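The letters A, B, C, D and E name the chains in turn, as written, and every chain counts its residues from 1.
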Amino acid sequence: MSLILPLLAAVPLLGAIAAVLAPRAGKGIGLGVAIVLLAALAVLVGGLNTPVVLPLGGWEPPLGIALRVDGLAAAFLGLAAVVMTGVLIAAPYRGAGREAAAFWPLALLLWGALNAIFLSRDLFNLYVGLELLTLAAVALAALSGSAGALAAAIRYMVFALMGSLLFLLGVALTYAAHGALDLAALPGRNPQPTDALAAGLMTAGLLVKTALFPFHAWLAPAHSGAPAPASAMLSALVPKASFYILLRLWFEALPDLGRPGFLWLMGALGTAAILYGGVMALRQARLKLVIAYSTVAQIGYLFLVFPLAGGGGAAQPWAAGAWTGVVFHALAHGLAKAAMFLCAGLWLAAAGNDRIEALRGAARATPMAVFAFALAAISLMGLPPSGGFTAKYLMVTSAFAAGAPYWALGPLLGGLLAAAYLYRPIAAAFAPVEPELRPVPRGQQAVPLALALGAIVLGLASAPPFDLLQIGRPEAAARGVE
Amino acid sequence: MTLAFDLVLCAMIVGAAICAAVAGTIFAAAVFFIVYGIFVSLAWLRLDAFDVALAEAAMGAGLTGILLLRALGRMPASEDRPGPALAPALAGAGLALALGWAFLALPESAGLGPVVRNAAPGAGAENPVTAVLLAFRAWDTLLETIVLLAALLGVWALSRDEAWGLPPGLPQRVRPDGVLAGFGRILPPIGAVVGVYLVWAGTSRPGGAFQGGTVLAAVALLVSMAGLAQAPRVTSGALRLVLVAGPLVFLGMAFIGAVLSLWQPGAAFLALPEAHAKSLILGIELMLTLSIAVTLAALVAGPPEDRA
Amino acid sequence: MNVTVLGLCGALLVGIGVFAFLWQRHLLRRVLAFNVIGSGIFLYLGAAGARGGAADPVPHALIITGIVVALSASALAVALVLAHLHASSATRLPEDEP
Amino acid sequence: MIEGPILPLLSLVWPLLLGVVASLPPMQARAISLLPLAPLPALAAAWAGVRGETVVPDLLLGAVLSAGAEGALLFGMTAVLWFAAGIYALVYLRDTRRPAVFAGFWCLTFAGNLGVFVAADVATFYVSFAAVSLAAYALVVADGTDEALRAGRIYLVLAVLGEACLLLGLILGAGAAGSLSLPEVRAALVGEPVAAVLLIVAFGVKVGLVPLHVWLPLAHPAAPTPASAVLSGAIVKAGVIGFILLVPEVPWLVPAGLATAFLGAVLGLTQRHPKAILGYSTVSQMGLIVALLGAGDAGPAAYHAMHHGLAKGALFLSVGLVAAAAGRWRWLALGTVALAAMSVAGVPLTGGALAKAAGKGALEPWAATAVTVSGATTTLILGWFLLCLARQPGKGRPSLLLTVPTLALALAAIVVPWWLWQGWTGLPADYPLHADTVWSSAWPVGLGLAVLALVALRPVSHVPAGDIVIWVERTVRDLRHWFLRTALERSGKVRAPRPRAGRAGVVAEVAERRLLRWGWSGTAMVLAALAIAGTLLG
Amino acid sequence: MTALLPLLILMTSAVPAVITFFLAEDSHRLRNTLNLAGAVLKLALIVFMLREVAAGTVYETRLNFAPGLYLLLRADALSLLFLTLSAFLWLLTTVYAIAYFEKEHDLSRFFGFFSLCVAATTGIALSGTLISFFIFYELLTLSTWPLVVHKQDDKSLAAGRSYLSYALPGSAVLLIAIIWLESATGPLEFAMPHPLGGLEEASLRAIFALFILGLGVKAALVPLHGWLPGAMAAPAPVSALLHAVAVVKAGAFGIVRVIYDVFGIGLVAQLGVGLPLAMLASVTIIWGSIRALQQTEVKKRLAFSTVSQVSYIILGAALAGPYAVIGGLVHLVHQGLMKITLFFCAGIYQERAGITRIEDLGGIGPRMPWTSVAFSLGAMGMIGLPPMAGFITKLYLGIGAIEAGAPWVVAVLAGSTLLNAAYFLPLLYRIWFLPGNEDLPVAPAPGLVVPAAVTAAAALGAGLFAGAAMSPLGWATLIVTREYMP
C-alpha cells in the first residue's frame, strides 16, 4: 500500500515531464500513465477498508506533509482517472505542433494537480495544488488561441487568482493563529475568533474556484471556448477539486465552526445556482454554452450538502445522508459532463460549428454519440437508473428526513430544467433532415458512450461506491456541521 | 529607535504601493512597483528573514518588474479610465480592517520554529528554511517547480503557430559596441559567481536554490538581451532537458526512497537517506537551480515570436 | 511592537492591492495589483510568524514558495495579456470596454 | 362441466354454429339453405318440454338455463315461427344481396331469441337480449335500400337506448339482490322504483309501448318478409318475457297498455303500405298484452302472446304470398290472410277469441270491457289491412314453400289456443262455447266491420310511417350540427417551442452581463468572504 | 430458483433489447427471431408462474443499491395479471410490427426501444417496492419517447415534446410523494401491511393527492391527458403498445398499487380520498367520450376512448367494494385486449388502405372483411355489448358501485355506454353499410390481420368464458379474495 500513494501522486507529474521531453509521443505517454494509475487505483480500492496515511519524507504532520486516502479521496481519484483516461483517448492532438506539444503535458499536469489535491492533508499544500491546477486549466482554456478563448482565459485567471489569494489569506490566518496546517490537527485547536475570518476567506476563495452562482461568470465562456477534450476536463474535474477541499475543510477540519446562518446561505446559493444555471442554459443557442451553463446549475446541487448533511438524516437508520448523495452527484456529473463535452467536440468537428441547429439529423449520422449524449442527459436529469437519480434520491430523502423539504425543491426543479434544456439538442438530433455532418468513426464515438455508460452504471451498481464512501467518512457528515 | 525606523519604512512601503496602484501612467506604476519591491525586501530584513528578503528582491522586485516593463514596451500608450471606485474601496477597506483586527486578536503561538530548529540537523541542512523547503515540506517545493514548468508551458502555448519552433522571446537587435553590449560582457561572470555562491551557502546560511536560480536567470537574460548568445529553439531537446532536470532528479530521488521503503523501514517516499542527506540535498539544489534559472529566463523572455 | 506595525502594514497593503485589483480595468495594472496583494499577504504572514521572539522558519519557506508561485502566475498572466492584445488589440477585457 | 339437460344449451349453440358455417367461404353462396335447419334442436326441445336447469359454470358468469312455464310456451312458439319463416325464406331470399351476412345474423338473432326465454341469470339474459335486438338490425337493413338504412338507424338508436336502460336496470337489481340469478333480482326489484322504470323503458322499446314504438312501423316494412315476420312475431316477444321475468306488478301499466292498443290501431289507419299497417297492429296487440301483464297475470299474457306470434307471422308471410300469387292462387292467399286476420281480431271460436277471453278474467271490469272494445279496433285495422293488401299487384304462381308455412301458421294460430286452453286458463273446456263469451267476442267484430266500411269510403289522410319520429330526427340533426360546429375538433396546434424561459430568462441575462464585469464579481467575492466570516462569528 | 424467476422474466425482454441495439440494420431475420424468441420464452415462463402463484408460492428477487434504495422484484397475483397481459400482447405486437415495418430504416433502434419498453412494463408489474416501481416507471417514459418520435417528422417530434413535458413533471411529483411517505415510514414494500402512523392525516391526504397527480399523467386522468391524443403521430404498433399495454396501464396499475398495497382500503376510506378519486375518474370517463365524439380521425377517436376507458380501472379501484375492484382489475385486461385490436385494425386501415379520417372508412368492411370483423368486435366490446369482455366490466363496476353506496356511478356507466355507442357505431355503420370507392388499393398482409384477429378472439373469449377460473375475471377474483379482502 505504501507504494500506491506515491504512484498516484508522482506518476502524472513524471508523465508530464516525459511529454515535455518527447512532445511527439505525448498520446503514448498519456495512455501509459492512465494504465498505471487505473491499475494502482484498482489495487487501492480493492484493498481499502481503513484510511491510509503516508507522511511524506517520513516527517510526521506538524512538521511535514501527509498524504491520506479514505473513501472520499478514492472516489474522486477514481473519477479523475476515468475521465482523464477517456479524455486522453479521445484527444485528437498529434505530432509536435504548438497545440500538441502543450496539450499532453498540461493535461497530465492537471491530472497530477488533481491527484495532489485529493491526497493532500496540508492546507498550504492544497493552495499550491490549486495554483498548479489553475495555471494548467487557464493554459488549456487558452489553447485554441482564438480572441474569445484568450479573453475567457484571462477572465478565468483573474477570478481564479482572486480566489487563490483569498484562500491563501485564510491559510495564513489559520497558521498564524494555530501554528498548524494539517487538516487532522485543526479540529483539536482551541477555537479563536480569527478562525471565523480565516474560514470565511478560505470558503469564499473556494466558492469562486468552484464557480458557485454569484461567482460563476467566468465558467461558461472559458469552458465553451476551450477545445472539447480540455473543456471536458475543465467542466468535469476542476470545480470538483475546490469543492473537495470545501468538504475536507468543513467536515473534517472545522466542523464545529458551522452556524445555521452559514449553512442556510450555502443552501440558498446552491438552489439559486440550480435555477439560474438552468434558465441560462435554456437561453443558449450554442451547444457548448448549454453544457457549460448546465455545469453552473449542477454545481449548485453540491452546496446542498451544507444544510442537509446530518440534520435529522442520522436519525433514520437507512438514510444514507446528503453527504454521500452529494458525492454521488459529483461523480455522476463528472462522468456525464465529460461525455457530453466529448460528444459536443465530435459534432463541432463534424459540422463546423456547434450551434444546436447544426445537430439536425445527427441521430442518423452519429447514432452512438447521440445515444451517449442521451444517456448523459438522463443522468443530469436525475432519472433512474442513472447515478444522478441515486444522488437526487439520497438528497431528497435527506431533505425530507431532516424535516426541511424546501431543500428538495432545488434538485427536483433542477431535474425538470435539465430535461428542458437538454431536450432541444436531442430533439434536433432526431430531426428528419438529411444530416450534413461529416461521418464520424465509431471508435471516436465509443469514448463518450463509455463515460455516459459509467454514469448509468453508477446508478445501477450504486452499492459498491456507496460502501467505499463510508470508509473514513467524517462523522461530522452524519451529525451535521453545527 | 528601531520603532521610528519601522514606522518610516512602513510609510514608505504604503506610499509606494499607493503610487503604484493609482499612478497616472502605467510606466510610472511599474517604476513605483519596483521601488515598492525594494522597500518590502528591507522590511523582510527587519524581520530577520534573510532568505525571504533575497527572494523578494530578486523575484518580487526584479523579475516581476522586468516582466511589467517588457510588457509595457509592447503596449500602446492608451490613457486609462478605471471603473467606479466606491465598491472596490469598500471591499479593500473592509478586508484591511478585518485583517488588522485579526492580527491584533491573534493568540501568542510559537509556531513550529523550535520544532524545526532541533530537527533541521537531522534533515541535512543547518539553515532551517532550506531544511523546511527541501526536507520537511519537500513536496511543496517539488510542486512549486512543477508550477513553474506549467506556467512556462502555458506561456509557450500562447505563441502563434507560425512562430512555433523559434527561440523564446523577441529577437534582439543591439549595437555591438553599445552600453548594453558592454554590460553584457562585464556583469555575467560576477552574476554567475554570486549565483553559485548563493546556492552553495543555502544549506547553512541564507540563500538557496530559488534565490541563486533567479540571479543566474538574470545573467542569462542579460546575455541574451545583449545579443551575445542566441537562446536555443523552443523545440530543442537540450533546452527541454535542462528545463525538467530539477524536478526529474527530485522525483527520481523521491521514488528511489519509495521503492527502498518496501524492504527498509527507514526509507520513505521523498525521504533522503540519513547518512548522506547533506550531499543529496546539495545535489538536488544544484539541479533545481539550473532548471529554475532556465525556466525563469524563458518565462520572462516570453513566448517565441517571429517579428517585432 | 515593530512586528505589529509590519503586520498592520501588511494588512494595509492587502487592502490597497484589493482596491486596485477591483478598481483598475487595464489588465497589466491588475497583474501589478495582484502582486501587491501577494506581497502584502506574505508580509502579514511573516510578521505573524515573527511575533513569538525567534523567527519561525516555516512561514519563511511558505513565503518563498508563495513568491515563486506568484511570479509564475504573473508571468502567465502577462503573456496572456500580450496575446490578447495581439489578438483583439485591446488592453481590457471586452466587458470592461467603456 | 355442464350440469342438467343438454338440449336447451344445444338449441342455443346449434344456430350459432350454423351462423359460423354460413360465413365460411365455400358455404357463402348457399347460406340461405341453412336457415330452416337452425330451429330443429329448438323444436325438439319444445316438443320434449323445456324442463330442468342446466348450469354452465364457465360460460359468461356461470350461465343458468331454466325456463318457466311462460318461457317454455314462448320458446316453442318462437321455434315454430322461425322454422316456418326459414322455409319461407328458402324461396323468398334466394337471390338476396349478401346471403352469408344475412344467414349469419339470422342465426345469431334466432339464438338470442331462444336464449331470452330460457335464461335464468342476469348475464345470459342480457347477452341474449342484446343479441336479439342488435343482430336484428342486420335483418332490418338486409335490402340495403335508403329507407331500410333510415329505419335501421332509428331502430338501432332505440335498441341501444333500450340496451343501456336494461343494463342499468339489471345492475341496480343485481346490486340490490347481491346475486346474479333472475328470480332473486326480480324479488329485489320490488323495492327499487328507479330500476323498475328503467326495465319498463327497456322492454317497452322492444314491445313498442307508445312513445317508444316509432321504430316498429318503419322497421317491419323495410325488412324482407320472413324477417319482418319473425320480427313482429317472435323478437317482439322478448320484451314480453322480459316483463314477465323481471318487472314487478306496476298498476299504471294497464292504462298505458290499453292506450297503446287503441292508438296503435288508429295510427294504423293512416298507413297505405300493408306491412306498415301490420306493424301498427302489432303495436296495438302488444299494448293489450302489456295491459294484461300490468294486471299481473303472466299466464294469459303469454298465452295471448303465443297466439299473436303465430297469427302475426302468418299475416306477414301472407303479404309476400299475395304479392307472388295471381288469379286463382291469389284468392287462396287472400283466404288464408282473412283466416289469420279473423283469429287476431278475436272472431268467436278462433284462437284470438280464446286468448282475449282468457285474459279478461284477471282484469278489473273497466279494463275487461276495454279489451273487448279493442277487438273492434283490431278488426277495423285488420280489415283496412286486407283492403290495402288486395290492392297490391300479384303475378305468377306462388311456390309451395311459400304457401305451406303461411297456411300452417294461420291454422296453428287458430287451433293451438284450443289445444292449450285447458292448461293455461283453468276455465272449463267448454267456456268459449258459452253464449255470452261468443257474444262478447262477436259484437266488437261487427262494430269493427261497420266502421271499416265507413273508412273504406273516405280513407284517413296519409301520415308518414313512424309519425313523431320525423320530428325527433330533425331536432337530433340540428343538435349534432351545432355540437360539431362549436367543438370542432381542436386540432392539436403544435406549440411553438416555448420562448426561451420568458421573463426569468431576461432577468438572468441582465444579471449575467452585470456579473461578467470583474468589478462587480470581485467586490461580491470579498464582501462574501466577510459576510461568511460574519455568520460564523455569531 | 424461486429467487431468480422474476429477474429471468425481466431479462427475457431486456436482453433482446440490448442485443437488438447493436444488430446491423439489414439483419431483419435475426432481429425478428430474437424478439419473437424473447416474447415466447417470456410467455412460457409466465404461464408456468401462473400455475405456481395460483398455488400460493411467491417469487422474490432483491437487488441492493444504496441502503434504503433497493430493487425488489416480486411476483404476486396482481403483478401476474398485468404481466400476462403485457407478455401476451407484446408477442402479438411484435408479429404485427414485423409485418408493419417490413423494410424501413432505423428498425434496430425501434425494436431495441420496443423491447426495452416492455422490459420496463414487466419491471413495473413485478416491482415490490415504491422505489423500484418508480425506477421502472421512469425507464418506461424514457424508452417510449424514441418510439413516439420514431418517424422523426415534425408531428411526432411535437408529440414527443408534449409527452415529455407531461411525463417528466409527473414523475417529479411522484418522486416527491414517494420520498415524503418513505421519509416517515422507512422503505415501503407492497407485501407487508405497514401502519402509516408516522404522518398525520393532512399530510397523508397531500401525499395521496401527489401520488394520484404523478400517476395520473400516465393514467391520462382528465387534466393530465393532453399528451395522449398527440401520441397518435407514432406508428401503429407503438400506439397499440402505448395505449393498450404499457404506458396507460402503468399509470392505472400504479394507482391500484397505491390504493391497495401502500395505503390500504381502510386508510383510503378513513382519509375520505376514495370518493374524490372516483369522481375524477368519472369526469375523465365522460369527458374522454365527449372529446372522442368530436374527433374526425380514427386514431384520435381511439385515443380519447382510451382516456375514458382507463378511468374505469381507476373508478373500480376507488370504489372499495369487492365487485368494483374485480371490475376495475379485469378491465385492465379487457381494455388491453379490445383497445389493441382497435389499434391494430386502425393501423392496417392506415398503412394498407391509406385511411386515416373517419369519412374514408366507407365500404371498407366487405373489402377487408377480417380486419373489419375484428374492428367491429373490438368496438362492440368497447361499447360494452355482451358477450364481449367490456360488458363484464360494466356489470361488475355497476354492481360494485351500488354495494359501495355510490349509485351515481351507475349513471356514469350508462352515460358512457351511450357515448361509446355514439362514437363507435357510426364507424361500424360506415365500415359495413356505406359504399366506399372501390378502386382504392387494399393489400392486407396476414402478418397484420392475424394478430388483430387473435386479440379480437381473446376479447370475445374473455367475455364469453369469463366464468372460467383461468380467465381474466377468474384471476381478478383470485387477487381480490386473496390479497385485498381476506
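In this section, a residue touches a chain if its C-beta (ideal position, glycine included) is under 8 Å from a C-beta of that chain, and two chains touch if they have at least 3 such contacts.
In this text, all values refer to a predicted model and were calculated from it rather than measured experimentally.
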item: Chain occupying the middle, per Cα centroid; value: E
item: Centroid-based (C-alpha) most distant chain relative to chain A; value: D
item: Greatest separation from chain C - chain, by CA centre; value: D
item: Pair sharing more residue contacts (C-beta pairs) when C-D is set against A-D; value: A-D
item: Distance between chain centroids, defined by C-alpha means - chain D, chain E (Å); value: 36
item: Geometric centre distance via CA averages, chain E-chain B, whole Å; value: 73
item: Intercentroid distance (Cα basis), chain C paired with chain B, Å; value: 14
item: Centre distance in Å when chain B and chain D are each reduced to the mean of their C-alpha atoms; value: 108
item: Chain A, residues touching no fewer than two other chains; value: 124, 128, 131, 135, 138-139, 142, 145, 150, 155, 158, 162, 169, 175-176, 179, 193, 197
item: Of all residues in chain C, the ones touching two or more other chains; value: 14, 18, 21-23, 25, 30, 44, 48-49, 56, 58-59, 62, 65, 69, 72-73, 76, 80-81, 83, 93, 95-96
item: Two or more partner chains touched - positions in chain E; value: 154, 161
item: Interchain pairs in contact, sorted by label; value: A-B, A-C, A-D, A-E, B-C, B-D, C-D, D-E
item: Residue ranges of chain D touching chain A (in the complex, touch as defined); value: 497, 500-501, 504-505, 508-509, 511-512, 515-516, 518, 521-522, 524-526, 528-538
item: Contact footprint of chain C on chain D as seen in their complex; value: 513, 516-519, 522-523, 526
item: Of chain C, residues touching chain D in the complex; value: 18, 21-23, 25, 30, 93, 95-96
item: Chain B - residues contacting chain A, complex; value: 98-99, 102-103, 105-107, 109-112, 115-116, 119, 135-140, 142-144, 146-147, 149-151, 153-154, 156-161, 164, 235, 237, 240-241, 243-244, 247-248, 251, 254-255, 257-259, 261-262, 266-272
item: Residue numbers on chain A that touch chain B, as the complex places them; value: 2-3, 5-6, 9-10, 13-14, 16-17, 20-21, 23, 54-59, 62-65, 96-99, 101-102, 105-106, 109, 112, 116, 122, 124-125, 128-129, 131-132, 135-136, 138-139, 142-143, 145, 150, 169, 173, 175-179, 192-194, 197-198
